[in-house]
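The following pair of complexes shares a single chain, subunit A, combined with subunit B in the former and subunit C in the latter.
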Partner chain A sequence: MKSKFVWLACTVGLVLASATAIAQQKSETQPAAARARLITQPQYVNTLRAIFGPNVKYPSALAPMNRVGGLVEIGASAAVVTGGALDRFDNGARSIAKDVFDPSHREYLMPCRPASEMKPDDACARKFFAQVGRLLFRRALTEKELKAYTDIAHASAVSLGDFYSGMSATLSGMLVAPEFIYVAPATEVVRGHSQLTANAKAVRLSMLLWNSYPDSELLTAAENGSLNTDKGLVKQVDRLLASPRLADGVRNFFADMLIFESFETLAKDAKIYPSFTTQVTNDSKEQTLRTIVSHLVDENLDYRDIFTTRKTFLTNDLAAVYGVAINDPDRWVPYEFPANSRRGGLLTQISFLALYSHPGRSSPTRRGRAIREIFLCQKVPDPPPNVDFSAIENPDPTIKTARARLTAHSANPVCAGCHKITDPIGLALESFDGAGSYRADENGAVIDTSGKLNDASFVDATGLEKALHDNPSTPSCLVQRMTSYALGRQVGADDASLLSDVNSKFAASGYRVKDLLRVIAMDKTFYAAPLIDNKPTVEKADAGTSKVGSKS
Partner chain B sequence: MNGLSRRRVLRGVLNGGAVTVGLPLLNYYLNGNGTAFADGTPLPVRFGTWSWGLGMSPAAFVPKKTGKDFEFPEEIEALAPLRDKINLLTNITAFRDNSQLMCHFTGWAISRTGNAPNSRNLSSETYDIKIANQISRSRRFKTLTANAAADARVSFSYEDPNTPNPAEYSPVLFYSRLFGPEFPNPNAKEFKPSPRAMSRKSVLSAVMQEMDAVNKRVGAEDRARLDQYFTGLRHLEHQFDQQLTKPEPIAACNPPAAPKDSDMKLGNESPLVIQRHKMMTDLLAMAVACDQTRVINMAYCAMLSNTIKPGYEKPHHTTTHEEPIDEKLGYQPNCSWFTRRCMEGFASYVQAFANIKEGDGTLLDNMLIVADTDHGVARLHSLDGMPVFTAGRAGGKVKTGLHIDMKGTTIARVGYTALRTMGVDVQKFGDRSNTTSDLISDILV
Partner chain C sequence: MALGVSSFFRFLTGLQVGTSRVALLAALPLALVGTPASAETIGLVMTSFHLAGPFTNDGKKECPQGLNPDNRDNFRAQYKTPEEQKEILIKYGSTQMHYRGPNGESDTYNPEAVKDLLPYYDGLGTVSVGVNLDSTKDGQATDKTCKHAKFANESGDAVDNQLFRVFGCVKALRPQGLYDSFITMEIPQLVVNRWLVEITGVDDRTNDNQVDVTIAHGLDEIVPDGNGGFVAGRSQRVDEKAASYIQHTKGRIVNGVLITDPMPELRITGSGIIEVFERRFKDARLQLKLTPTGATGFVAAYHDVQRFYRFHAKSLGLHGVAANVSMPSIYASLLRNADGDKDPATGQCTSISGVYTMDFVNANIVRQSSKKEVAEVISKGAATARP
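This part shows the complex of A and B:
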């Protein structure tokens, strides 16, 4: 009975999570509420770097957020700032504010110079807060706010005897302001449709494409109303897609989808994998992200080819683990594995192989599960408790390979349900050990890497990559993830018509991710949101056709 | 073990037993018995948690005798010198009812909230937060959370169903947060209110005024999240107030010197975990001694523990699944090796508080520490037969030195007893089969 239940749990999990299944259900419903999103670590850094430049030091560790529906970006829509998390924001704010007004940076970061560095200068302070505050809060500051910050900087400059210290104290407070930390989109009703206000649209757009708050030009387009016109929207979407900052957005999306925060804690047993150094760990992550950005952004190629492309980038340290030679030992260089190489696309890169392994050995189950969950959007249930593993653990030393060990799991009906959906694909990667290095055998025994992904048979890792490339769930899973990422919530049955539409346009584009982003960015659904009506404070000028949910 | 043998660690713990740091609270602040402040206010009782992953091996862990004279089987041998400072509760159940099975999550989630979750979110905040809201709001930090696992996500203290308190794991950063330039040293000879704190307080008041504008455009769920943020900002404001007020001297507060600039290596090899655990524990203990917080959380490892025994191919978790039982011993020897390192960690944690003198006794006497795990039997990942330790006498409210057979009752009884002992006025704790109003009266005075 129990075994049937587990098997059923696995099967149901797979079906329910299938994007294709969701897309086939049609329904028309009200748009889902746009939840307040907490700024993520990469958004925080991308945004502040765009304002204050690359020379200021940005904190590397804000509080981590829970992953929901496969993405941290969705978790940001539910995350709260705990006491511990606020301490980190506060520490970051103080350190950044100090650095911005450091003598080495303030010369070029300040739009003006104070009449005296030892005294307040309201005009100069005001100029700075107006300029920076608009970018931090994604709207022009109100006169009241501007005056409050200028007054505080004034009083602080007097008490601290230094203009810049007063500015720094004030800026550090702005960097923990709710308006900066949270993106709570304002909504309005225009011609009977509730949607995001133009400023909130600008934020959603730049978070999707740049993973950052909007720049000044995008805010201007929102403020002067052009973003609310089709022409104005096209102009901004084109500009954002053409910008080098698109790489930040695409990089962050894939780092999120691939669960790359796990690299922060990835550790291998140094006695078993001495070559898997910290440098190799960091480089392997970077290798995959560089490959993705180059393939999808610079070259604008088919998404599915990231599973088969032999083109990548290597450093000297990585090249040693891959067992190849590169020309330049000091920097990243483009590299193409030969046509007969055992390495093809993303699954045979060290990052994937090492991340989904144990510290001291490979794990077909982890790898298989990761393929199902990350790239096919299928949910593989957790193993059940109270399983007596002694029944399947055979201390017989003649068992040499993972395949033989896992065959024991298949003999146990409680385990078989899930292992049969993870292991056959994970075993295809057994030619690579827990650190991602190639191995010809396991404990002297030949490794059998053959298997099947649904109906597609393969004999080795590159065959598995080809099967994943050809699987129809591969692109539809990306659509599901990207749409969820864009909206900051899990898409479901209510989004069926949107998903179906985006899926067909993505296919028509030849699975180009830039086109996918454009399709989402141009879709009205992307900006639809129910009006949140907490006593509206401002009526729009053309009252009668619209009302505003809040003033900002 | 790279020279850090079990015996050596044990010896360290034993030697530590004789060491006391700090001085008694200054007499003029205490009453004649040294149990309360001169004005009659009792010494504060503090609360702490400690957690380890993957339960234990019953044959090597669970004493055969219950009550006072229980023996310490090999897996918990490290705790024998602390017999009169701890209690061991065994045979406890985390009732899952019909909720989804989530190994390494369901068990601790029930322990800390009383409810079996149905997703990777909890049903509520964890009970340490309920306690912190009661006893620690006035402190510089409402709670402090740390681990030896070098992963900020390894935290079992949740302020709401979705959000763990991020755990500290870097000794250098943790030191700087606790005892850096903003530390209001209670024993400093001179006190000068910081003009910078004054500035920061006023700017904080200004940004808090924006809360209304943000609240106007969010739904009820988001308003609750923003409220929590607002509470956090209020607490930050409170920290500035503390920087502007001269603190009362605390004799037991004796912060260590700053650790070296270069931080500890990351990684989960056992010797590193042991070293990191000791450094983080010492900082936590001193933070409590300096009354910077009254609620702390420490995790030795993740529940899905990936601690590495150098040279052995399987980390802790994999070992529980794959290592055969040694017929002679009656348990999995390497699996037990990992649990023993955990128990040595717990012994050193308890000892760190026992080493700090406070009044007539030690800081530990004025604490209640609860140590829990995610499963009962490591090999089976069971949710019954679970063990829990308590340590400290909670200012005289708790008896110690006992092994109690909990007879399969719910783990929520531990949370309920802790809540009540720490003065949180709740009539019950837990949900469905874990609902309880049953105190563990055997350990209460």
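This part shows the complex of A and C:
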């Protein structure tokens, strides 16, 4: 009885998730509360790199965040700064501020030179803080704020006997200020409709397309009101989409969707996979992101083709695992697998194969589950807590292949339900071991890589990738993920109309992700005011315009 | 290897390279120049290099009288009192005790000027890997060779390895001795040690009566793996500017072991205690047992005694104290044990046989060119085996 229940729960859960993911999330479909969201590490780096340039050293890790609804970006809304995380922000801020004002950088990062390097210079300090503060806080500093920071720099310069040390101490304080590390969507009520303020629109747009705070031009468009016009919005969306910084936004979205933070804890058994070095780990992640950016941003090609494209980028370390030669072993090189290669598409890249494997062996179940959950937005339930894994972990040595082991394991009806969903597609990738290397056999036995995805049958990984490419849920899952990412919340039943519209437009574009981003960025839902306790809280009202909150 | 392949290659290499088409073809790996589609190319990059011999862990069997004294021991034997020793050191301004000649000659650069007073023991033993370089069964002198004691390999065949006699009881050159350790460390660190072997036209990895072998200097690093070895399958570029180090020979594969034809002179760069030099192996033969991830085996050859001594003097002799060597004794031993290239006038052999064991891992060997098209063709060609 129990096993039937588990099977039913798994199957029904999958079907429901597949067909009506929205309805299943009914309780979560209301627009998210207007929570302040914490800046993520990539946003932090992208923002500061745009302000201070690439030569300043930026921290590689900040506050850890939970994944919500398949995305860390949504989890950022619930992130808190713990003591440890604050230390990281503080250390990063000090290091950055020191770099900015060291002699090799300040010459071009400072808009002015102090009258004396050993004394305060309020005018110069004020000029710097007005310029940088606007970009950090996403709005012009108030006169009170500007005076406060200038005073701090003055006092610090006197105390330290050095103008730049005073500036550095003050900047490090700005970099840990809540106004910088938190983003609270400020709203206003215009003619009875609650919407984001122009500055908050700028932030949302920039975060979606560049994964960064707005640049000066976008802030200016917000400040002069042009961003609130259709023409002004189109101009800015076009500008951001045409910028090289779009790659940052696309990279971040896909790194989030592909759960690439798991690389931080990815480990392989060196005895079994000696070639899977730390460098391979890092490069495999980068390979996938480079492939995606090249395909979707640089080439502006069909999203579905990322599952079949043979074009990618390799380093020497990766080429060794793939078993191919590259002609310039010193750097990243474009590479195209031959037409008859077993490789092609994201599923046969090392990043996917290794990430969804065990430390010492492949895992058709993990791979199958990842395909379902990541690319098809289907939820596969976790195994029951009392499941017996012995058939997998202590297998009968006479059973040579993963398919045979899983067949034995699935004899347990408690397990069968979910394995029927994951394994037939995961087994298609069994020609690749737990480190992503090709293998002709498993323990001397022929590997059967045939399987079925819904109604599409295939005989190997190439067929699976084609089936995934052709599956209608593949692009619609991307739309669901991208919309959730853009809104910073899970989409639900109330978003059905929006999703339907975006799906149609995405299909009409030939599944171009740049067009998908444009559709989302131009939709008024994207700029709708989030609710606080399900109703807008009016802070200030005048002549038909009310403001909620004060920070963008 | 199909007969037509080598003929085709000879045809190509015999052409005057006057057109870009020919230049392009000549730059390709042998495997891409007319080799049947079924033929395989095996690329290898060297990862270890050690003097071969019947070394035991404690050395008691091959060195029953102990390891050889170094130049410090010989200095003290030569200058017995502290006063004498101090006088010499001050006189020549060195703490390295090198200036032991009658007129202050360096014991390293003028080994004939110094006669070590302490005895020097050759390595003893009867078993070694190697090749019968002089073709004699008993090491008797011939017109071109000098009398020496032969070793026997695992199969009982007579082989030559006189370098073991010279260095078998020298601490630095024994396994994990200072010199041996430096070479082990420098092989991955210094690209000058990048030794590539490309075997083309392999129809059968177990038994193939004719394959082509190219040996060249490589340009790329080798990377440690997580298991104490090196990552197999990385791409390695041939140093095409060092054309004189690109050398070809024929060979065969017997029971999974590559056996090359003799090469009159195999030249390859190397290092020892950070000193860079060129190794020259005369009448060289490689024997490499092919494995799924690489190869292991040896190079057997003669070494010109004077040349061999000179680069060891620079790398080993100058570190005499730390390396526990005394170069006059080593020089004398090299001459005493030399077994090849007999000087008809003096009867002194001028070359010495030696065997070095080596390990390799698989590599994808690629050739660069100023022509981008060539590089692309090679890269695509090397990837035609379904990855």
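Simple rule for what comes next: the second predicted complex is superposed on the first by the 503 of 552 C-alpha atoms of A that agree within 3 Å, B and C clash if a C-alpha of one lies under 4 Å from a C-alpha of the other, contacts with A are read in each partner's own complex, and residues count from 1 in each chain.
FYI, a contact is a pair of C-beta atoms (placed from the backbone, for glycine too) under 8 Å apart; a residue touches a chain by one contact, two chains touch by 3 or more.
Computed from a predicted model, the values in this text were never measured in an experiment.
Participant: Based on the superposed arrangement around subunit A, label subunit B with subunit C as either clash or fit.
Facilitator: They fit: once the shared chain is superposed, the two partners occupy separate space.
Participant: So in the superposed three-chain picture, is A:Ala270 touching just subunit B, just subunit C, both, or none of them (first/second/both/neither)?
Facilitator: both
Participant: What is the contact status of A:Ile152 with respect to subunit B (first) and subunit C (second): first, second, both, or neither?
Facilitator: A:Ile152 sits against subunit B, while subunit C stays out of touch.
Participant: Just subunit B (first), just subunit C (second), both, or neither: which does A:Asn316 touch?
Facilitator: Once the two structures are laid over each other on A, A:Asn316 reaches subunit C alone.
Participant: For A:Gly173, using the defined touch cut-off, is the partner it touches subunit B, subunit C, both, or neither? Pick first, second, both or neither.
Facilitator: So A:Gly173 only meets subunit B here.
Participant: When the two structures are overlaid on chain A, which partner does A:Val81 contact: first (subunit B), second (subunit C), both, or neither?
Facilitator: first
Participant: Taking the superposition on A as described, I'd like to know which of subunit B and subunit C A:Pro383 touches: first, second, both or neither.
Facilitator: It touches subunit B, and subunit C stays clear.
Participant: Could you tell me if A:Ile374 is touching subunit B, subunit C, both of them or neither one (first, second, both, neither)?
Facilitator: The answer is neither, since A:Ile374 touches no partner chain.
Participant: After the superposition on chain A, what angle is formed at the C-alpha centre of subunit A by the C-alpha centres of subunit B and subunit C, rounded to the nearest 10 degrees?
Facilitator: 80
Participant: Once the shared chain is lined up, is A:Pro359 touching subunit B (first), subunit C (second), both, or neither of them?
Facilitator: first
Participant: Should A:Ala456 be classified as contacting the first partner (subunit B), the second (subunit C), both, or neither?
Facilitator: So A:Ala456 meets neither subunit B nor subunit C here.
Participant: Give me, in Å and rounded to a whole number, the least C-alpha distance separating subunit B from subunit C in the superposition.
Facilitator: Closest C-alpha pair between subunit B and subunit C: 9 Å.
Participant: Both subunit B and subunit C contact which residues of subunit A?
Facilitator: In subunit A, residues 270-271 are touched by subunit B and also by subunit C.
Participant: Quick check on the complex: what are the subunit C residues that touch subunit A?
Facilitator: Contacts found on subunit C: 220, 223-227, 229, 231-237, 364-366, 368, 375-376, 378-380, 382-387.
Participant: Which of the residues in subunit A end up touching subunit C in this complex?
Facilitator: The contact residues of subunit A facing subunit C are 268, 270-271, 273-277, 279, 316-317, 319-330, 335-338, 340-343, 438.
Participant: In their complex, what parts of subunit A are in touch with subunit B?
Facilitator: 33, 35-36, 61, 63-66, 75, 78-88, 90-91, 145, 148-149, 152, 155-156, 159-160, 165-166, 169-170, 172-174, 176-179, 181-182, 184-187, 264-265, 267, 269-272, 358-361, 381-390, 393-395, 405, 532, 534-537, 549-552
Participant: Show me the residue ranges of subunit B that touch subunit A in the complex, using the header's touch definition.
Facilitator: Residues 101-103, 106, 120-121, 141-145, 149-153, 159-160, 162-168, 177, 195-196, 198-200, 202-204, 206-207, 209-211, 213-219, 221-222, 225-226, 228-230, 232-233, 235-236, 266-269, 306, 308, 310-315, 318, 320-325, 375, 379-383 of subunit B touch subunit A in their complex.
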